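In the part that follows, the structures are each spelled out as structure tokens.
Here come two complexes built around chain A, the first alongside chain B, the second alongside chain C.
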Partner chain A sequence: MLGLELYKIFRRPRTYISFLIMTAVTFLIQLAMYVDGKSFVSFAMAGVGEQFDIGGNILNGYLVTYIVLQSLLIHIPLLVALVAGDALAGEANMGTMRLLLTKPVSRTKVVLVKFIAGIIYALLLLVWLAIVGLGLSILLFGTGDMINLKSDAFVMLLEHDIIWRYMLAFAFAALAMTTVAALAVFLSVFGDNSIGPIIGTMGIIVVLTIFSNLEVPLFNTIKPWLFTTHMIAWKGFFDAPVPYDAIWQSVAVLLLYIVLFITATIIVFNKKDIQS
Partner chain B sequence: MRSVMRVGVLWVMLSCISIQSYAQADSAAVLFENLRSRLDVIKDYVADVRIKIDISFMKVPPLDGKLYFKAPDKMKLERKGGVSILPKNNVSLTLNSMFPTGGVTVIDAGRDIINGKTVKVIKVIPLEDAGQIILTKIWVDEARNLALRTETTTRDNGTVKMDLAFGNHLKLGLPDKVIVYLDVKEYKLPKGVTMDYDASQQVKPAVKGDKKRQKGKIEINYLKYEVNKGLSDKIFMETN
Partner chain C sequence: MPEHIAEVKGLTKKFDDFIAVDDLSFAIGKGQVYGFLGPNGAGKSTTIRMLTGLIHPTAGEVLIDGESFSRNRMRALQQIGAIVERPDMYKYLSAWDNLRIFARLSRKHIPADRLHEVIELVGLKGRESDKVKAYSQGMKQRLGIAIALVHDPELLILDEPTNGLDPQGIAEMRELIKTLGTQMGKTILISSHLLYEIEQVATHMLIIHKGKKVVEGKVSDLLNPNETIFEVRILPDDSIMSKLQEKGWGQYVAEGGNSSTLLFRMHPRKMPGLNKYLVEEKVHVLEIRSKHSLEEYFLSLTNENNAGAGAV
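Entry: the complex of A and B
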């Protein structure tokens, strides 16, 4: 059944649009860095550069990958929503839901299989990002020590101390994308066509991301409870020391949301009167 | 007659005080010149170093590399393809840059104790107004003719304090360890640009007082020196 779901996902041309978009954006960032990366670096380092002479290969593959991830990990959720939002609503839209449910499988299993198919798609997107983002950036720009500029700190990581951080960052990103897939599948249970759940997921992510990033005291109390606040915890792996407590807290919040969304989806789907 | 005697005694006393202070100033000047001439012997060096940067906004691991120095003020850290960090030229990390060049006035500032050792303190004021250095205070180990501490007030970079420890490279008059305490400006980038992951998830309280300047510390451990090998200026122009 999972194979069938994956077949459904990967036979649609729009599935590959996400891979194309991601490749195009990555290439554009790499091209921009290749052509005019030094200006970017000197602009970014202006605060530190006026007091310190910083030399060496600053614009290396690791820094470029970080810039790519910073740009893309905001957009990948939207691409995940494109497929996961279609999971149940797509069947309803095509009128195949009742046919699907005539098979000797429980509705819970249908939800879980569709959710797992969405996770596999999100993981493949991340693997592709690792190949074109990290792999190609290292090929083009080489390796070296990495500088991570935070709003109030200048973090430098030694070359031999970076790859494991990327591995954990990608693993964390997978968890974040799973949360998005869970939300999209949840919204998908209410829709009779894919547009609503996809736009709904995108809208929720955009609005909550704005809440998470706005420095307004009014939002500070709700920020720790928004999953969008925790979706960027992958950045914690590039801090020194790594704030493991905070990252584990983010992992817990995201897991809670995943369980919440999927449980709600199963409950609603089991009670739903399927008419399509 | 009595008043003549009083004037005479006073003159003798004043003469003694002025001779003594002249002798003190003279010995302080000699001490400074001895230090400076010892430094002048070192034209250049390449040293294997380990640098630890302790500045509140900089999270940098200990950096191993080669430190190139050429008198009077050229310095470069090379890290085999890695990123190097050094303070800007005018806040240098060597004694040479902490000592005023040219004509100076040297004042004896008494004695002090560093690590249980009594040392002489001298103040050096450059005669020229144009230079970066306004005043340098030096704690001198007279017996070994070594500066153990300097405190230099600069025109643009606040006060730079330097502690030096000598041991393995004492014969060359070069330190094993130098700790530079310097003033650094606050560092800030807009959060909208960096999109920080705030691990604490808490609003940070506003910092009271002067936010513009903070104290920082750079520790350089010199592991091995190669002295006076005739380093070319090109080395200091090349990027790593």
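Entry: the complex of A and C
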């Protein structure tokens, strides 16, 4: 059944729009860096350069990839939501839900298959990002030590000490996008077209991201429990030392949300009257 | 082995305060082409959705081949092939892909030969590679029937299969249903709001109105030109229905205001006898109206329904 689900997803032309958008954004950032990257780096390093003597290829593939990832922070969840939000609502909208559920398939299995297909889609999206983002950036800009500029410090990562960080960051991003897929599938169970679940998913992510970033005491108590607070924990892999305790905590919180969203989806979907 | 492939017992569905299906009971025997008739909004689709597990009943039970649908959903659905309302499919895929996908979901190993067989049966040979978005409504209906048939189910459920078809499409669909029913011996439940559609293909028939059973029986008996439908309006009487049923008079009761409407199908010569029986049982008869035939009666239900819809 999973094979059939993936077949349905990848036979739809709109599935590839996400890959095209991501490729286009990545190319644009790479082009901008290729043309004007040196002045961007000297502007960013202005304060640091006065106190430290930094040589070598600063504008390298690793730094460009980091900039690409930062820029796509809000886009990738949207692209995942485009497919995952369509999972159940899309079937309802097309009218195929009636045909699907009059076949001997359990509703729980339908939810799980849709969810797993959403994860596979998100993973492929990230693999594609790794290819066009990291792979092409290294080809265009070469390698070198990476400077990670933070608001209160900067971290210098040596060239041979970076690739594993990207691999773990992408693995963590896969978990974060799985959380987005789970939320989108959950909202999808309530809709009879995919617009609502897609906008709903993005709305929730945007609002919770604002809560996660606002330095207001009222929100500080709920911040550790918001999944958006933990979705950006991949940045920790570019710290020295890597804050593994905080990252594991984020992994646990995200897993908890995934289980909650999918369990709720299964319960609601099993009780739902199909009237579409 | 159960005599009926499907049995519906006291099926009820409420949506908030609205009762869409009200204590409905009927049974479909093996090999029957069972016409399910009612004006638009009578509760046909809601009943079919409960028969296919799309909607959960508020009360009552559906048995498929003697087993409870709710307790054996997977087994029940293996024995059903259904098109509920429109035959919607994945438009961006070919007819063959749609058929293959839904065949794989039937939990049976279905060889490619079977897929070719049903494509040929529904008259889509040579067009199976076309995308569904290029199909006419009639072709979609036929593909829907192929999808419903592909796993060789015991019961085929077709919900208003002639809806949206042109006259030629309606005639072709009618022939296909006749082939499936009379030549291939399939048990078919077919719903419609048109009596003449049911009359031409069904062996048995059930009419529902406002979610309640009105009349059920063999089409040849129900459409017997020697019998007349009588509507008898009486003051409510709790015991009279069971007495009428015992004596073989009662057909249906519809509550309305401070009176009840009883419906009888009989030869006009028998009416005085019924009237006499009601008087002897001290039932207050308010009115007796003859509807002449089932067609006329059904038309009055449809007109009543349309008038109601117009008033809203």
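The working rule: the second predicted complex is superposed on the first by the 276 of 276 C-alpha atoms of A that agree within 3 Å, B and C clash if a C-alpha of one lies under 4 Å from a C-alpha of the other, contacts with A are read in each partner's own complex, and residues count from 1 in each chain.
Convention: a contact is a pair of C-beta atoms (placed from the backbone, for glycine too) under 8 Å apart; a residue touches a chain by one contact, two chains touch by 3 or more.
The structure presented is a predicted model; accordingly, all values stated were derived computationally and were not measured.
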Clash-or-fit label for the pair chain B, chain C on chain A: fit
Vertex chain A, arms to chain B and chain C (CA centres, degrees, nearest 10): 170
Which of chain B and chain C A:42 touches, first, second, both or neither: neither
Chain touching more of chain A, residue-wise (chain B, chain C): B
Touched partner set for A:236, first chain B, second chain C, both or neither: first
Touching partner for A:154 - first (chain B), second (chain C), both, neither: first
Touched partner set for A:103, first chain B, second chain C, both or neither: second
Chain B versus chain C as contact partner of A:58, first or second or both or neither: first
First, second, both or neither for A:220, with chain B first and chain C second: first
Smallest separation in angstrom, by C-alpha atoms, between chain B and chain C in the superposition: 41
Chain A residues contacted in one complex by chain B, in the other by chain C: none
Contacting residues of chain A [partner chain C, same complex]: 1, 4, 7-8, 11-13, 94-96, 98-106, 271, 273-275
Residues of chain C that touch chain A when the two form their complex: 49, 52-56, 73-75, 77-78, 80, 82-93, 97, 101-102, 104-107, 144, 147
Interface residues, chain A side, partner chain B - complex: 44, 47-48, 50-58, 70, 144-145, 147, 149-159, 161, 213, 215, 217, 220, 223-224, 229, 232-236, 239-240, 243, 245-247
Contact footprint of chain A on chain B as seen in their complex: 57-61, 76-77, 79, 81-89, 184-185, 187-197, 199-201, 203, 239-240
